[in-house]
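The same chain A turns up in both complexes below, where it pairs with chain B and then with chain C.
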Partner chain A sequence: MSVVGQSVPRVDGAAKAAGATRYLDDLVFPGMLFGRTIRATIPCGRVTGVHFDFDRTGFTVVDWRDIPGPNAILHVTDDQPCLVQSEVRHAAEPVLLLAHPDRETLWAAQVRLDEERAEPVLDPRRSPRSHKDILIERGDLAAGFAAADVVVEGEYRTGHQEHVYIEPQGIIAVPEEGGGITIHGSIQCPYYVHHALTHLLALPADKVRVVAAELGGGFGGKEDYPSVIAAHAALLAFKARRPVKLVYERAEDMWATTKRHPSIVRHRTGVTKDGRLVAMEIEILLDGGAYVTLSPVVLSRCCLHATGGYRCPNVRIAGRAAFTNSGPNGAFRGFGAPQAQFALEAHMDRVAEALEMDPARLRLRNVLRPGDTMPTGQRMGDDCSAGTVLRQAVRRSGWTRKRRAWQGTDRGIGLALFCHGGGFTGSGEERLASRCTLETTATGVRVLVAATEMGQGSWTVLAQVVADALGVPLEQVAVAVPDTAVVPNSGPTVASRTSMVVGRILERGAKDLKERLGGLAPAEHFRRHGPVSVTTRYEAPPGLSWDEEHYRGDAYATFAWACDVAEVRLDPDTYEARASKLTLVQEFGRPLNPVLALGQIEGGTAQGIGWALTEEVVMREGAMANAQLTNYCIPTTLDTPPMETVVVENPFPHGAFGAKGLGELPMDGPAPAIVNALRHLGLDLREVPATPERVMDAVDRRARPTAGR
Partner chain B sequence: MRPALGTITLREPRTLRDALRMLRDEGPLTPLAGCTDVFVQINFGTLRATEFLDLSRLAPLRRICEEDGRLVIGALATYTDLIRSRLVRRRLPMLVAAAREVGGPQIQHRGTIGGNVVNGSPAGDALPVLSAADATLVLASAAAERRVPFTAFYTGYRASVLRPDELLVAIEVAPVEGRQWFRKVGTRAAQAISKVVMAAVRDGTPRIALGSVAPTVVRLPRTEAALAGGAAIAAAQGVLAEEIRPIDDLRSTAAYRLRVATNLLARFWADTAA
Partner chain C sequence: MNTPRSGGGARTVAAGPVAFTLNGHAVSVDAHPMARLLDVLREDLGLTGTKEGCGEGECGACTVLLDGAPVCSCLVPLAHARGREVRTIESLGGDHALQRAFVAEGGAQCGACTPGMIMAALALPEHPTRERIRQGLAGNLCRCTGYEAIYRAVERAASETVATPGASAAAEERKP
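Moving on, here comes the complex of A and B:
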C-alpha cells in the first residue's frame, strides 16, 4: 500500500510524546565538564584587559591564542572571529571560555573585562560598509514610469525576530584518541559545523565527526550559529582533554545568537489607471549586523522575492545588506522572503487604495500566469499557481462580502499573495551536489542522509518516500542518525529543500536500489547477498540556467504559492489588533504527509502572526534588551486564531512524488495580510510588529487625515 | 548569564509560631510560597538572598473564609484557590477575574496572593483589586499582629512597611458595595506581564486603582473625586491624565499607558452604568 500522501504517524512521535527522546542536554559523557562563555558588553571597541577574580584551580580557560588554526568561523566567508583578540564589533561577542566540572562553581567565577568603547554604527542607513550589494534590472524603468498614470511610493519596515526554539542552543565536544574531536549538538546542518571545525582546528576531515542530536526546534537559528558553539566547546575539550558541554541558558541564547534581519524596503511603483503594473523600483536594506554570516544569501533571496507573484515589464531591484555593530543576523524561516513580501504586499494595498480599486482585483490583474516571466527572466511554467491560490482565497474567505460589510466597523479583512522558491538559490543545489545513500539491512533498508529532524517531520516524510519508491512497507525503512562519520553530505536542512530536493534524490536512489534487488525484499536480499548500498547524487531539473553575476535566469527550480486572508478585530480601548480568523490557501506541489504539512502551515502561520503583532526585539546598544520570554512575547494558543487551510495540489515533476518546498512558505504571508486587514480599518501601518503602541499612532493619524504624511 | 546560587539555606517551619520566631531570631530571611517570582529572579540573576523560609507547611494560611462580615483570604491562597472559591466569586468577582489572568494554569496553581502582594511588583495583577477594594493586610510578628490598609502598604518601588520580622498572613476585605470591574492589558492574550491593569468599583464614591503606571500600584483619588462629584467622563479622563505619570520601558510607552488608562476609565464607566 502506498504511504506517500498518507498521514502516517511520525516515526519520532511516540518517543517524544513519552519524554524518552534524548536531547542534547540529556546526554552525559564520563568526566564531562561544563562550559561557559565570557562576552563583551560594548557594541564596538577593544578589550584591553582581563581579570580573573576567582581561584582558577580546576578551571580550563581558553582564549584566542588556544586556536590551532585560523581564528575564524568559516561559512560564506571568514570575517567572524571565533574569539575576540582585541577588537569588539558587537555586544555579546565571545571573548573567553571557561570550563569546570561543577556548574555552580563555573557560574560563580567572576571575570572582569577592561573594555574601551568606540562609537558604534547602529543604523544600517548610516553604515559605511556593505556585506553584499545586489542589482536586478529588467526593461526600461524610465519608460515604465512615463507610461504610468499613477505613481505610489512608500517605505516599509520589519523588525528583528528571535527564533524561540523550545530547546536552547547546545553542544557537547568529546576529544578522541588520536587527536580528533566528536561534536554532539542541536545542529540543523552537521556538515556546516564539520566544515567550520576542520578550518578552525586545522584538522583533516576524518578527524572531525559531527552528530546531530534530535533538535527541539531550529527555524534557521541552528543553521549557522552552532558552528560558533561547537568551536568553543571543541577548544575547551581539547585544552581540558575531557568532554565539554556548552548549553546556553535562554537569556544568553536570546542575547547572543542570531535573529531575523530587520529590513527597510522602499517601493516606487508606476501603474496605469486600470491597474496594470508598468514600473517597479525597489530598494532593499537589510541590517546584517557585525559579521557577514549568511547575509549575502539572505539578501539574495530577499531580492529574488521582491516582486512576488506579479509581472511587470520594467523593474529595478537594488539590495544592500549593511554592516552594523549589532549582533550578526542570520537564517530564520523565510530567509529574506518574508521581509521582501511584507513590503510588496503592504505596498500593493496602497497602490489599490490610490486607484480606488479592490486589492484582490488589482492583484488578479497582475498575477503571474504560466508563460509570464519574473524580473530575472525566469519563465513561469504550469507549476505557477499564483492565480489559482488568489482566486480560491477570495472565494473561500467570503472576501467580497466581508470587505463591503465591515466598512466602518471594528473588523477588517486583508490578504497577501506570496511565493517561496524551493531549495537553494540559483545554481546553489548544483554546487552542493548533495548525495544520499540507501543500504540494505537485516530488517529492510536504511536511509543515510544529513537531513536533521527538528520537529518538522523530515525523518517520517523521507521514510515514506523511500518506502513507496522501493515498494516496501514503511516499517522496513529506518533513518540513520545524522552523523558525518556515517551519512553522506545531503546538504543542510534549510531552504525548504528536504522533502523536495533530498526526497527526490532518495526517490531516484530507491528506484535504482529496487533494480539492484531484482525483485527480492531488501532484508531477504541482505540475508542472501550481504549489504548493498546505493549512493545517488543530485540532478538538476532539465533546462535550468542561472547567471550569478547578472542575476539572470532561473532563480529557483520552482516556487510554492499561497494566499492568506486575515480577519482582524481592533480593540478600541487598547488598540490591540487580534487576528480572528485566517484562510490559508497553499500550493506546495503535493503533500507527502498531510498532517505534517498542516503542522508546517499552522506553525509557520503562528510564527508569522508573532512577527506581525507581538514579537518585538528591543535593541539597546546593538543587543537585545528584552532577552527574556517574559518580555519577548511569542503567540500563545489564545493569540492564534482558527485557521482554515486549503491545500491546492499541483505536483512538481522534479520534487519527490510531486513535492515542492513547504517549510518556509507559511511564514511569508501572515504579516502583510494582517497589516492589510488593518488598512481596511483605515489604519496606515507600514511596519511590523504592529504593536498596540504603533496601532494607537495609526488610529491618531486616521483621526487627523491631514496631519503627518 | 544565570548566576550561581551558591549555598542556600532553607528553613521549614511547621507552624506560624515557628516561622515568626525564625524570622525574629534567625533573620533576615526571605519567605517562600509558590516561588513563581523567586525562580524568575534566579534566572535573571537578580536574587541576592541566600537564606529562605519555606511557608508551604503552614496550611492554615491558605484558608479563605468569612469572619464578622469580612472576607478573609489567607496569604497562601493560590490563584486557583481564589478562582474556585465560591466566597470570592460572590464577594469579590474582580479578584477572580484578576486571578484568571495571572500566568497560565501552572502559575495559578503555585502562585499565592500573599506572594503577589509582598513581591510588590507594580505590575502585580491582584494588587489593583485589593487597592480598589480597600483591603486590609494582616501583618504578624512573633510579638504582635497589626493591620495595615492596603493603600498604605507600599512606600516605593518594591518597598513596603512590612518589617523583616513580619509575615503577611491574611488579607481582609470588608463588603464591597457597587459594581466591580477589572481589565488587564498585556502584550498578548495570556501569559503576559501587564502594561496597564485597572480594577474599579462603581459606588457613590467610585474607587479606581491602576497597576503598571507608577512605581507602585496606585489609587486615583482625584479622578475618583471628580466622578463622585458628577464630572463628565471626558473631564474625569482629563483628571486621570494629570494624576498618573507612567514611563517608557521594555514593554510599552508612557504615551500608550496614559491613553489606555484613560480609555479604560471610560470603558469602566460605560460598563458599570446602571
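Moving on, here comes the complex of A and C:
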C-alpha cells in the first residue's frame, strides 16, 4: 500500500510528545566541562588587552593563538575569524573562550577587555564595501518607460528578524584518541561544520566527525553559525583534553548569532493605462553585516525573486549586499526571497492604486503563464501555477465582496502573490553533487543521508519516499542519524531541497536497489546474501542551463507558487494591526505527507506574521539591544489568526513523487498581504514590522494627505 | 549574558535537602534552595523532558505543574517546591491522549516546546473551546506550527477523553 501522500504519523513524534527525544543539551559526557564565550562589546576597533579578574586555577582559557590552522571560519569565503586577534568588526564578536567543570564558577569569572572603539559603518547605504553585487538586465528599459502611461516609484524596507528556534544553539565537542574530534550539535548541515573544522584545526577529513542531534528548530539559524560554536567547543576540548559543552543562553543566542538581512528595495515601474507592466527597475540593498558568511547567496535569491510571479519585457535588477559593522546576517527561511517579494507586492498595490484598479485584477493581467519568461530568460512550463493560485485565492477568500464591503471600516483585506525557487540556485545542485545511500539490514532498509530533522519532518517524508519506491512497508525503513562518519554528503538541509532533491535521489536509488534485490524483501535478501548498499548521485532535470556570470538561464529547477489573502483589523486606540484571518493557497507540487505539509504552511505563515507585525530587532551600535523574549515578540496563540489552507496539486516530474520545495514558500507572503490589507484601510505603510508606532504615523499621514514623506 | 544560571555564586547557604512529590513519588534533593527547579529536574533528577527555551519565563518550554497549576520551572526556586506536588511530562508515560493527539495532528514539529505545551494543555478544562485553548496556551511559544495543529491536537484529545468529574473544575479554579 502506498504511503506517499498519506499523513502517516511522524517517526520522531512519539518520542517528542513523551519528552524522550535527546536534544543537545540533554546529552552528558563523562568529565564534561562547560564552555563560555567572551565577546567584544564595540562595533568596530581593536582589543588591546585582556584582564582575568579571577583565579584561573581549574579553568581552560583559549585565544586565537590556540588555533592549529588558519584563524578562519570557512564558508563561502574565509574572511570571518574564529577568534578576534586584535581587530573587531562587530559587537559580540568572539574574543576568548573559557571552560570549567562547574557552571557557576565559570559564569562568575570576570574578564575585562581593553577595547579601542573606532567609528563604525552602520548604515548599509553609506557602506564603502560590497560583499556582492548582482545585475540582471533584460530588454530595453528606456523604451519600456517611454511606452508607459504611468510610472510609480517607491522604497520599501524590512527589518532584521531573529530565528527564535525554541532550542538555543549548542555544541558538545569530544576529543578522541589519535588526535581527532567528534562534534555533537544542534546543526542543520553537518558537512558544513565538518568542512569548517578540518580547515580550522588542520585535520584530515577522517579526524573530524560531526553528529547532528535532533534539532529543536533551525529555520536557517543553524545553517552557518554552528560552525563558529563547533570551532570554539573543539578548541576548548583539545586544550582541556576533555569534552566541552557550549550551549548559548537565549540572550547570548539573540545577541550574537545571525539574523535575517534587513533590506531597502527601490522600485520604479512603468505601466500602461490598462495595467500592463512594461518596465521594472529594481534596486536591492541588503545589510550583510561584518563578514561575508552567506550574504552573496542570499542576495542572489533575493534578486532572482525580485519580479516574482509577473512577466515584464524590460527589466533591470541591481542588487548589493553591503558590509556594515553589524553582526553578520545569515540564512533565515526564505533566504532573500521574502525581502524581494515584500517590496514587489507592496509596490504592486501602489501601482494598482495609481491606476485605480483592483489589485487582484492588476496581478491577473500580468501573472506569469506557461510559455512566459522570467528576467533571466527562464521559461515557465506547466509547473507554473501562478494564475491558478491567484484566482483560487480571490475566490476562496471572498475578495471582491469584502474589498467592497469593508471600505471605510476598521477592517482591511489584502493579498500577495509569490513564488519560491526550490533547491540551490543556478548550478548549485550540480556543484553539490549530493549522494544518498540505501543499505539492506536485518529488519529492512536503512536510509543514509545528511538531511537533519529540525521539526520539518524530513525523516518521515524520506522514509515514505523510500518505502513506496522500494515497495516495502514503512516500518521496514529506518533513517540513520546524520553522522559524517556514517552518512554520505547529501547536501545541507536548507533551500527547501530535502523532499524535492534529496527525496528524488532516494527515489531513484530505491528503484535501483529494488532491481538488485531481485524480488526478495530487503531483510530476506540481507539474511541470504549479507548487506547490499546502493549509492546514488544527484542528476539535474534535463534541459536546465545556467550562466552564473551573466545571470541568464534557469535559476531554479522549478518554483512553488502561492497566494495569501490577509484580513486585518485596526485597533483605533492602540494602533495595533491584527491579522484576523489568512487564506493560504499554495502549490508545491504534491504533498508527500499532508499533515506535515500543513505544518510547514501554517508555521511558516506564523513566522511571516511575526516579521510583518511584531518582531522588531532594535539595533544599537550594530547589535541587538532587545535580546530577550520579553521585548522581542514572536507570535503567541493570541497573535496568530485562523488560517484556511488550500493545497493546489501540480506534480513536478523531477521531484520525489511530484514534490517541489515547500519549507520556505509560506514565509514569503504574509508580510506583503498584511501591509496591503492595511493599505485597503488607507494606510501607506512601506516598512515591516508594522508596529503600532509605524501604524500611528500612517494614520496621521492618512489624516493629512499632503504631509507624506 | 554573564549572569549565573542558578542561585548565583552563594552556594554556602546550608539549608538541607528539599523534599517534594515528583510525578507521584516522594523525592528529596540536596541542592541550593535557590537553584532553579528546571535545573534540579534536569540535572539532579535526570528528567530531561522539561526543556529550557529562554530562562526568563517568557517561552513556557519548561512548564511543569506545581500542585496542578502550570508554572515556568526556570522561575521557580527549588525551595518553593518543598512539600508540594511537581508533575512533569515524564508522568504521562507516552500514551496519554494528548501525547497521541500531538503526534497525529502534527502538534509536535521540532518538539522543543512540546513537553511544556502538553503540560499547559493538561491544565485546561476538560472540553475547552478554541478560545479557551488559545488563552490557556498563550504563555507557551511555538515557533514551528503557528499553533493551529496544536489546537487541533488539544481538541482531538478532548474528544477522546471521557469526562472525569471534578478534575477539570479543580484545574480551572487554579487558573487566573
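We take it that the second predicted complex is superposed on the first by the 708 of 709 C-alpha atoms of A that agree within 3 Å, B and C clash if a C-alpha of one lies under 4 Å from a C-alpha of the other, contacts with A are read in each partner's own complex, and residues count from 1 in each chain.
As a convention for this text, contacts are C-beta pairs under 8 Å (C-beta built on N, C-alpha and C of every residue); 3 or more make two chains touch, one makes a residue touch a chain.
All values reported here derive from a predicted model rather than from experimental measurement.
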Partner chain(s) touched by A:22 [first = chain B, second = chain C, both, neither]: second
Partner chain in contact with A:585 - chain B first, chain C second, else both or neither: neither
Which of chain B and chain C A:618 touches, first, second, both or neither: first
First (chain B), second (chain C), both or neither touched by A:164: second
Partner touching more residues of chain A, whether chain B or chain C: C
Which of chain B and chain C A:461 touches, first, second, both or neither: neither
Touched partner set for A:688, first chain B, second chain C, both or neither: neither
Touched partner set for A:193, first chain B, second chain C, both or neither: neither
Which of chain B and chain C A:575 touches, first, second, both or neither: first
Which superposed partner A:628 touches (first chain B, second chain C, both, neither): both
Overlapping contact positions on chain A, where the chain C interface meets the chain B interface: 104-105, 107-108, 249-252, 628, 630, 635-636, 638
Contacting residues of chain A [partner chain B, same complex]: 36, 104-108, 249-252, 572-576, 578, 614, 618, 625-626, 628, 630-631, 633, 635-636, 638-639, 691-693, 696
Residue numbers on chain A that touch chain C, as the complex places them: 7, 9-10, 12-23, 25-26, 39, 103-105, 107-108, 163-168, 214-219, 249-252, 255, 454-457, 595-596, 598-599, 602-607, 628-630, 634-638, 640, 642-643
Footprint of chain A on chain B - complex, ascending: 1-6, 40, 43-44, 183, 185-193, 196, 250-253, 255-256, 259-260, 263-264, 266-267
In the complex with chain A, residue positions of chain C that touch it: 1-9, 11, 42, 48-56, 58-59, 61, 88-90, 92-94, 98-100, 102-115, 118, 133-135, 137-150
